[in-house]
């Protein structure tokens, strides 16, 4: 049984409960619920930062480009981007395919939920600043280069499902041994593991908080694995971070995003 | 077509659209939706204040009690109470019946949504401070007296459904000519009209902001009509404020509150 | 050295640091500051609930009134009220004396800052739900009766200074052995102790969360001691909760509230 | 007299008043205050987006670089970045110079404060979505290239003073005829005008909301003029947007940021 925090749709504030992931159960106020009975809202309240170039495979793929102009060498500090609030969405909410686009890229990311103000933290203390872990689908439109600031590709409405819950830090024995998986229409399309991170979680927190403060409620993604799978109109997407949870979505036309949900009986 | 603001469950921010109440349609981004297709979240962001003793009938009923000790006269300033955030709920979310209770009282209230900081406003300017109107079901446990501060009866979790939307002020021609209705299981149980208010809306805003500031996003209820209907386990409740909207709910056991919704096909 | 959380004026988010109350020092990011050098903002983010009738002396004073009509017996559940956001103010900000009023009443209260969602908690677990403690000056206009809901007296703008910081729960050995003091112009006007609470802190949390949920960031006052001192125009007020902290304010005309602060060199 | 919205330090919510910029006066609740008497807090509540490459001069300077690899042409959509909440600061708060850095770059930007949800708005309607205008100092560390996402340079704590107020939209006759100025130690270092924008304000809003939604409270910078002045330790910086307002700051060591303010008598 895993301690979690979560928000249910239509109710304004955070709830605390327990998760039995193997049996797809959540316990709230002493009552058992099937995960599929509940409608989870996005559980986070702060700023969400993504990290590029932190999976070894992604780094190797992009290294030739980084050795060219204009940089001629890889970045030394973590390179971050922000997913603004208009992108936030939640478990089972559809992913909108913008008009004129053929496909979206799926990004299966472990999110570190910050538990207290973090300024210039040392790697050896860094885990103390984490309240817990969540799953983030860092959706984007395909884009050619790692360089150009990608807000147009990454900050579309609905391009950042988060949740369904926050697993408390101490419930995860080793956050550097978590398999991440992406399925499209039930077919496994990507598998990676947080043991492939270049900067470990403590190193990442040390390097980021060296130059900026993270606050309670902020989320920092550890990175997105290389070879992001594509999804097209009508596809069903599932991403999973081992021991933390999973998010499931249909890809729909923008105008269907408010009405279509993965219904309970459709869910495996 | 009426301009409205609303929030949809699972998406983090306020949307603006149009309402066609006669045809049960909402238009969002140029797209038509049936009201029943959408899942509305609570649209308000501030503090919600209720007002007691502002319907003529309620006042007449309670006057004998007010003439006794300890007051021996009716209050001169508006008497307000607050519904805290734990009570907030939304359209179609069930109303929980607390364990050990037989019934709840239904309060059909017009909510004034404040649009800008209001301090010591004059009645003649008061409407300028209103952004719009919403429907609030001010649920309470039955209580014997108007005197004792009633947080225990009025501040239970889920005892304040709000919404489904905010109708912009200028869409309502005369807010003092709105019929309010309560149905239980399809039977009309209460009907009243905002032309029975003791303090008109401008007078109420003048008298309240004389002693405290209201802020953008706050909601002030104009009052709750006398003879509040009761609802029991399993009842379906509908309240309506003419031209503004309606809220619909089942009364359920507390443990069912997160899983039972009025489903679209059940709705009349 | 005591671990604290606080907010500084003009900066948007919560900071964590250490407090050395004996030497009037705060340590932030490894740097020492005199308390008087820093301008503290209100550190809380949720709803603030007051509790009446929880000091033995206050209860004894009011018992005769409670034995009369309309109640004829003291209340069984905790009687709560809410200080809405318009009342919130911070350390060294002046207390406004509303026009036409001669004096205000000072309420020296220990505030329990909630750290996680609290629903139907048991007294034996209740301390787990507290993140920390803060000082609250529950200012009100004088009012005659404990019965009539006192929003008009208690919810005036600026009538609830809070802070200056939140002391983490484990830093306070016994929250039922804290002396509270009120000085007016340097003269000690009231002294009491949290060992005079009727409901202990765990009992209060059990009884309150029996009927409503408290959330992270909410504050629950344990009560306000009887014989609240009065303060008049030009008075300087200081309230203190032992080991937690102190708040200091001048009483000024409403129009001076935004410009007059207790300046550092005036502070004892 | 100009209608404004603002927030004062130590008080939790937004106030509305009037500004007389020529006489350095603010009127609040019918009372006159000198601007220097008040301590303004950051007045915004949403996400702050910056825009690159929207001043003609900046574009011309960078065009040679854009014609090289990896892009070989200028971007077609607006290129945005986000200043996260840790950067937010307010009028008269010092700008921290990070340890090991010699200087910061000053960015004098007009901020468009969004007033209602803006999705796929047309240029001809775009001004309807603006609530007002504010001044933003988009501080950054010097950086070599327009390409690499510059969070490390632009997202330092305290690198985004905002305010002191929001001027209501209709108070500004022509937002494309506003002179922007930067002084360092009283010497005029930069002067530009919003008539040099490549995308006009309506065009910018059309192009941005084509791919993402802006919400009430968000701020979109129209761009930062080329040849950003530098400021060093101990310098006093003032930026001004004509008819909107001005921001003034000292550049201090990070550890002095919480204690040093521009004091009223030092202000010109």
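Per-chain residue numbering starts at 1, and chain names A, B, C and D are given in the order in which the chains are listed.
What we mean here is this: contacts are C-beta pairs under 8 Å (C-beta built on N, C-alpha and C of every residue); 3 or more make two chains touch, one makes a residue touch a chain.
Just so we're on the same page, UniProt names per chain: A, B, C, D = Fumarylacetoacetate hydrolase family protein.
It should be emphasised that the depicted structure is a prediction, and the values quoted were computed from it without experimental measurement.
Chemist: Quick check on the contact network: minimum steps from chain A to chain C?
Modeler: The distance in steps between these two chains is 1.
Chemist: Mind checking chain C against chain D and telling me if their interface is mostly the same residue numbers on each side, over half, or mostly different?
Modeler: Same residues, largely: of all residue numbers at this interface, over half are found in both copies.
Chemist: How many Å are there between the centre of chain B and the centre of chain C, using C-alpha atoms for each centre?
Modeler: 31
Chemist: Any idea how many Å lie between the Cα centroids of chain A and chain B?
Modeler: So the centre of chain A lies 37 Å away from the centre of chain B.
Chemist: Can you give the whole-Å distance between the Cα centres of chain B and chain D?
Modeler: Here the centre of chain D sits 40 Å away from the centre of chain B.
Chemist: Which positions in chain B are in touch with at least two other chains?
Modeler: 13, 29, 85-86, 119, 213, 215
Chemist: Draw the chains as dots and join the ones that touch; what shape do you get: line, ring, star, complete or other?
Modeler: If you draw each chain as a dot and join those that touch, every dot ends up joined to every other.
Chemist: Sort out for me which residues of chain D touch chain B in the complex.
Modeler: The touching residues are 13-16, 29, 116-117, 119-120, 213, 215-216.
Chemist: Which residues of chain D touch chain C once you look at their complex with the stated criterion?
Modeler: 8-13, 28-29, 31, 33, 37-39, 41-42, 85-86, 88-90, 92-93, 158, 254-255, 258-259
Chemist: Once bound in the complex, which stretches of chain A touch chain D?
Modeler: Residues in contact with chain D: 46-47, 49, 52, 65, 68-71, 75, 77-82, 84-87, 98, 119, 145, 147-149, 151-152, 155-157, 211-215.
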